[in-house]
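These are the structures, in structure tokens.
Both of the next two complexes hold subunit A, though its partner changes from subunit B to subunit C.
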Partner chain A sequence: MNKGIVSGIKRMEIHDGDGLRTTVFLKGCPLKCIWCHNPESISYEPEIGRFEEKCISCGSCVRTCDTNAFFIKDGIVLFDKGKCTACMQCEKICPVFAIVGYGKEYSVDSLVEELLTDKPFFGDKGGITFSGGECLTQTDFVVKCAKRLKEKGVGVYIDTCGYVKRDVFEKIMPYVDKFLYDLKAIDGDLHKRLTGRDNAAILDNMKFLSDKKCAIEIRFPLVKGYNDGETEKIGEFIKRLNIGIPVKVLRYHDFARSRYNALQRRDTLPEGQTTAKDVVDAEEILRNMGIIVIKDN
Partner chain B sequence: MDTLQLKGYALTKIDFIGKDVLSSDCDIIVFLLDNCEITIDENSVFFGTVNTADIMQSVILARARKFFDKINEAGFKDGFDSLAYTGMADFSHTTTQWKDLLSLGIVGVRDRIAEYEQNATDPAKRRFYSEILRVWNASLRFLRRAEDIAANAGKNKMSNSLKHLVKRRPLTLYEAMQTIIVYYNLQMFFDGTFLRTLGRIDSLLYPFYKDEDKEVADSLLVSFLREVDKLKAIANIPFSIGGTDEAGLSLTNDLSIGLIDAYGKAGTHNTKFHILYSENMPDIILKKAFSEIRAGNNSIVFMNDSVIIRALLKIGEKYSDAVDYHVVGCYECGGNGELTCSCNGRINIPKALEVALGGGKDALTGKQIGLKNDGIFPTFEDLYTEFKRQLKCFVDCAAKCTDIFEKEYRNIHSAPILSATYQSAMDKGGDLYCDYTAVYNNSSINAVGLGTAVDSLVAIKKAVYDDKVLSLDELRRVLSENWVNDEVLRLTIKNKYPKWGNGIAEADKIGKRIVDDLSEMINGRKNEKGGVYRLGMFSIDWRWYLGEKTAASADGRKNGDTLSQNSGATFGAEKNSATAHFRSVASIDAEKTPNATIVDIDFHSSAVEGKNGLDALISSLKGYFKSGGFAVHYNVLNTEMLKKAYLSPEKYPDLQVRLCGWNVLFSSLTKREQEEFIMRSKKG
Partner chain C sequence: MSNISENVFEAKYTLENKPLLATSVERILILNEIKSLFKDLPQPLRFSRMLSILLSKVSTPVEDFDLIAGRCVDRVLTDEEEKIFQQFITSPDYTTGKVFIPSGHCTFSWETVLEYGLTGLKEKADRAILSSEDEDKKVFLTALSEIYKAIIDYTLRYSAAAKEKGLNALAENLNTVANGKPNSFASALQLLWIITLIDCAYIAENPTLTVGRLDKILYSFYVDDIKKGVLTEEKAKEYITDYYAKHNLIMGRGEHQVGDSTNSTTFLRICNFDAPQYLLLAGSDGKGNVCINDLTRLFAECIVPAFKNPVVVVRYVKDMDKNYPSLWKTLVGKALKSSSLMFYNDGNVSSTLKRIGLTDEESSEYAHFGCNWCSTGDNGAWMHGSPHSFHFNAIKDEEERKQLYVPYMRGNLPFSWAQDVVEILEKLCLKENADIEDFYNEFFRTMSDFMDRKLAYLSKELEVRKRKPSRVLSFTDCFTKCSLETAQCFSASAKYHFENQSFWMFGTVVDSFTAIDQLVFIEKKITLKQLCDAVKADFNGYEDILGLCRNAEKYGMDTPLSNKHAKMLAEKASELTIERSRPYFEREKLFLMPNIQSDTYHLKWGELFGATPDGRRKGSAFSQNSRPTNGVCVNGLTGMLNSMLNIPSDAFVSGALNLDVDGKEYSGEEGQRIFGAILATYFNRGGLHAQISVTSIEELLDAKAHPERHRDLRVRVTGYSGIFVDMCERLQNDIIERFK
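And then the complex of A and B:
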């Protein structure tokens, strides 16, 4: 497939791998993590997010929408997502940022060209990180882009949840400098409750990458009250992998709440807070088990 | 002379003196040196503070005033008042010849004048030498006075150093630093010529530093910077480190690093730090510099050595002089031997578009300040051509105004102290200003509001010519009504149209084109001093003043709002990260801007935190400079700033914060998210 659906591109990133990076968020994810902070990347289809509090009720969207997804009732502009075909005309015409389109189609050529614009800034360590969603679900597209970027001398990282078939990793491996690999829970039932999927394939794939001596950075998104009890089990799992694979504990936040609302997606975000201390405690447990812990800056 | 009173000195007395500018300036300076108040702060390690009641500044202003009348008489009043263009004298952006000064010492400079005087056969030259010799003899008397005051204050080390400096050149690090501070006082407060850099201080002080005990030397550096910080200055006291020699080798040394450390420890507010970057500069310098910036010590500007050198070569400076350039004031560069006049003329780029659309009239006052036209522009190219014609008109007016002052320098200001430090002035036997005796006697015109102009042109091209959203006449109506009846269109253009500072080709092409056109008009244009004009693309705080006099523009800006800052994006328009902002600005051919191109980049501390953040900052700088950037100023903002942004979001539209996995504009968050972010950032 030569086309990919991209939900966003962020430049000058420092938290998605080493050095200065451009992160590409590809749309669509097989997991449904309750704490997902990129809800716009869950669906595989392009979609509109409407930020009601930013709307100035100018009616531009109502006038431009061919399917009447936008309409006025009692002087207020309303949005019926069910009628929306994500043609993105309303995003273009909205004079403010009340309408945001997620899911732009790119060809391999156009995305690679776009990503190469920041090449002068990557330096020795930086490069491109493919993230999502689960970027590897758009397998052919990502493999082609990664191959082209490598040919151009740009380093490629893959941020993955690991829930794809083994052969996907086999295809992408030659073009990847590092995998940023999420590990959310070891307990299979818990994993299923929190993400909607069993984790057998995820753990199996990580073991495969480890055996193949791929560079991996494990990421443990810590959600207090949900998966903090998994810390030691995660440590035990990492100990069975290749020596020297580091882990980074990521702190849960609920900043994505406004985007759940904008996307008219059921808000599953946990209410409680995960504190800096919770992260430090988890890091301490892992460190005491002899595991390399790297700080999230 | 005894009729002169230090306090309450009457300006009219200049007219009674009945002498030329040089002689009367020498009279005044000698009087001030012998009579001014000298104070030594009890905590000071170095001498000291003088009170000259800003007499020389008043004298210069009084003399210059009548030339403003000439500008009015020449028909430039309305354009000048509307801040479409300005042009005047500039005695405020100089460097001295620091290398000579430190190798000769104050007394050595005086002795050199005496030697020239003895050997002079030309009566005019001889008179020049003997006049400035009076001043430099008085400088030694001033030093003796300072020595006594220091001794009476129980400052023996200070007193002894001053005693030595009356007799010989500086021999120790302390004496060299003392020489710099004494000279700064002499030039700033007696000569009245602003000294706007302490030079490449790592190279200058290294011969003294290397022989000093490291601990003593490092402590002295901190004391020196704190003392410099206390000196009265306009817009900071700059100094530089780095640069390259003629073979291209980096001039950084241990002292370059020592100075960054000292800058961090000194906690100064009134210094400005120019780092002259070259590809072979050790990374440790950049790491330390960015660490200071992240710690809030952010008056650091990075300058790109290779581009600056080529820019100076292009205006005809010798390679050896271009390599040894100085940076004065904010970011302006001049070659060795150049008497830098970096702020003579200004032109308001968006105002040129305003008058192009308005038949040459100022849209706010209705006065004819530009060239008349019929207002019919069938294509965008026709409009651009007219914009360029008005821009040329502004450039001509700014240069002519500058010329009115510059050909009369001999009737406005002399620099007996500064001139004595310039080898070329001594060889030619004349004052730097009155007789144009520098190696390069250039002038400068700075163009303000590039981002606003680019965004406005892009908006007109798209709305009027490409998409035909409205006609040019309709746009004229919209602008004349200050957008009040067209808010939706204004927001659409402001938020959704391509903007300078986002790495978008259609905007960047226009930005590059404007600078290319300005370069043709300005660089190399002959001035009245035997030199040339040089183009600068910076606005500093002028963007506010010029903005106040600029009518609503097609980019969605309203009457009187600020123009874009320096060479960068319109405030808040850069929504595509720092690297995209860099790409836009680097699309300018900065070798055509010898008087500087500069971009300001703001980050929240969370967006550039940790070791990886440091690596990213360094690679962003290298990438920008490799792409042809001229200079950059980074800001890393803190929680306090977030709180202010929360209360007044309109003042911080481009503040980026780290959310999780990406950076966002702080202003794009909901209030609740902003509150939470402030709370979290406080917990750190």
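And then the complex of A and C:
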């Protein structure tokens, strides 16, 4: 596959991985985590998000859309996502930026070129992070991009949920400097409830990467009331891996809520808050188990 | 509490708590008393006599913790005094502007001042009087001599005051300064401060004085003292800190560019009101040697983030981050504390000056003055900033006088190249098969015509200035080499005469060109006529076009088309500025200085002008200085800097970039390292300028709501720093927009 679908590129990422990084979010994910903070990366297809709260009902999108996905009812501009073919024309005409298109097609060349824009700023530590969604589901595309970036002397990180076939990791491994590997729960049933999938393959793949001595940083997204009971189990699991694999506890927040609404996607985000103290407590437990904990900024 | 922290505390407290209506009371009352004296004398002598009286009468306050002496008394006037003040400033005898000619925005010959000392300068003037035949020159030189004498006497009075307090070392330094050449680091700094104080607190309204490349010119004093064992690094830092602190005591509160009369009290009350004083560090010399030494480090380490002045200008030399890592770390750390600090790329400025025609040596001795303009150093006079109005007295013929006054400006409106784009759009939509090339041609024809008219006007003005150059004296002349050598005012006798030529509203212009090119010529979504109609109607009834214009690529997004137009516009504008100046430069060393400044006029003019093709609506702000339009930098800081790197590195001498960062983003060692690396990469690749404000939207909004809690919140405005809560709402809102 020489084409990839990208839901967004974020330059100047200084809190995700080391140094200054550009993160590229690939579209589509096999998991359905209830707390997902990138709902625009769940579907594999390009789509439109329409932020109602910004709309001034100027009607430009209604005049632009050929499929009547935008229409006026009682003087209010409404959006019927079912009719949208994601041609992205409306995105370019909204005067208040209330319409955002997610999912742009890139060739390997065009993506690599864009990702290299900030290369002079990366320094020794920085580079590119592939994230998502689950970036590894667009396997061939990501492998080709990563290979090209390595050739250009840029470090590559892969942010993954781990839910892909073993051979995907085998293919990408030679071009990766570090895996940022999500670990959400050890209990299989709980994992399935929270993400829609079993975690056997995920744990297995992590063990595989660890055995291969790949650089890994484990990410534990802490959602109070949902997976905070897993902290010790995660610690136990990490202890069985290669020594020295660090973990970062990520604090759940609900900043993504407006995007769920804009995408007309069922909002599954937990209501309760995870506090800074919850994170500190989890970190403390892990540290006491002898695990290296990296502070999240 | 050590002595120094008392000074820092005092300065910080004064900055934050001085009453809004505080006035330099002694200056006003004394000048009011003597305003009618010496009326029969020519201006130079009237100036020297009045200044002598003023300096002999003002008090000489000294505090126990002073390491450097020199303060000015300011306080709120009594009702009776307020009446006198109001009468005085409206009186026909009001001295400022006529006798105390405003001499702001200049650079003194600090090295010469230190070399000769006050007595040496006086001797030089006295000798020249004897050998001069010309009556005007004699008057000019006599006035100079009297002014030096007045400063010497004032310094002696200060010495006595220090002695009375038991501050013997201070008294001794002041004595040295009064009686001869400075002979130590402390006495040199003292001399510089006395002169700065007199200029900024008693003479020049809005002085914005460049206080010099202090790490360079004080270095030999420092090294000698260390060798002799009379100074330690720690003691030198105490002197520097005190010198910094003193600058802040003589300021008023408020903001001078956008400020309205409710919270700004103007330079009439306090000469120095809100003016920045620029101190330069680092850089290189004419032979390409880097001028970074131990003093550079000490001056950097002593920067106090809470202070407004001096504004420290770091002349960034290539690979400063790699070659001077600890200095760089110190500077980045200070910048991230939102200090009054800015970085100029030394290579950019000097290579632009060389392109204009200055020698290698001269191109390395430039300076910056408020608000963020570049000067050629002490051998050049800024036409506008020089006392031009006074020279009109030299014109006897009323007709000629009128002729000169005929403005070279178009209509009654000030300039905005953005507005020219709209006029060109109106014109070209009538032309068949117009293309983007036509826009370029028309735009630069307009720019070229304007520059020609401006240069012709300036040349005429210069001619008038040169007719009787010894009949005008400003304080700057006392400390400027060319005036001393020629017995003529620097505004006529300087080697170079320049005026700024700004690419006003650069971002808005680039965005307008990009929108026209993208929507009309490349994507063919709309016609020129449709775009023109929409712009003229302020997009009312043209919402679809407004949406297209706003969604077009923008300078700051780092997209290919906006980058291309930024590069072409910047390159050509700079070239044109230098090319149109060429004949004047060759004939009379007069030229236009290419820069990308708008100061805060992006607000004022934005209010006056109609819509522009980038989707900006009538009355809203333009882009500021060299910075992209607020809110368009969707690709983050590096995206913005990459866009700006399309401005050629030998094209402009100034152009402020406000870099606004949320402190939380770059906290800790690693955050600071990353920020420093970004900044250094930008400069190493040819970036021109950066000044950093560190706060957050939340803090700014809270400061607006609860000013009393944020008295110490400081942000960069254009070339100066402002106390956020003392600014008018319009400027506060603009700063909040910058942070979005």
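The rule we apply is simple: the second predicted complex is superposed on the first by the 297 of 297 C-alpha atoms of A that agree within 3 Å, B and C clash if a C-alpha of one lies under 4 Å from a C-alpha of the other, contacts with A are read in each partner's own complex, and residues count from 1 in each chain.
What we mean here is this: a contact is a pair of C-beta atoms (placed from the backbone, for glycine too) under 8 Å apart; a residue touches a chain by one contact, two chains touch by 3 or more.
Not measured: the values here are computed from a predicted model.
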Touched partner set for A:Ser107, first subunit B, second subunit C, both or neither: neither
Which of subunit B and subunit C A:Phe255 touches, first, second, both or neither: first
Contacts of A:Ala276 with subunit B and subunit C, given as first, second, both or neither: first
Partner chain(s) touched by A:Thr139 [first = subunit B, second = subunit C, both, neither]: neither
Winner by number of subunit A residues touched, once subunit B and subunit C are compared: B
Partner chain(s) touched by A:Thr64 [first = subunit B, second = subunit C, both, neither]: second
Which superposed partner A:Asn242 touches (first subunit B, second subunit C, both, neither): neither
Touched partner set for A:His37, first subunit B, second subunit C, both or neither: first
Contacts of A:Asp118 with subunit B and subunit C, given as first, second, both or neither: both
Set of subunit A residues, in rising order, touched by both subunit B and subunit C: 10-12, 14, 19-20, 58, 60, 92-95, 97, 117-118, 120-121, 123, 297
Residue ranges of subunit C in contact with subunit A within the complex: 543-544, 546-548, 550-551, 558, 615, 635-639, 641-642, 665-668, 671, 674, 677-678, 681, 685
Complex contact set, residues of subunit B against subunit A: 488-492, 495-496, 503, 576-580, 582-583, 607-613, 615-616, 618-620, 622-624, 626-627, 658-663, 668-670, 673, 676-677, 680, 683-684
In the complex, subunit A residues that touch subunit B: 8, 10-16, 18-20, 22-23, 37-38, 53, 56, 58, 60, 92-97, 117-118, 120-126, 131, 250-251, 253, 255, 258, 275-276, 295-297
Subunit C partner contacts - residues on subunit A that touch it in the complex: 10-12, 14, 19-20, 58-60, 63-64, 91-95, 97, 117-118, 120-121, 123, 297
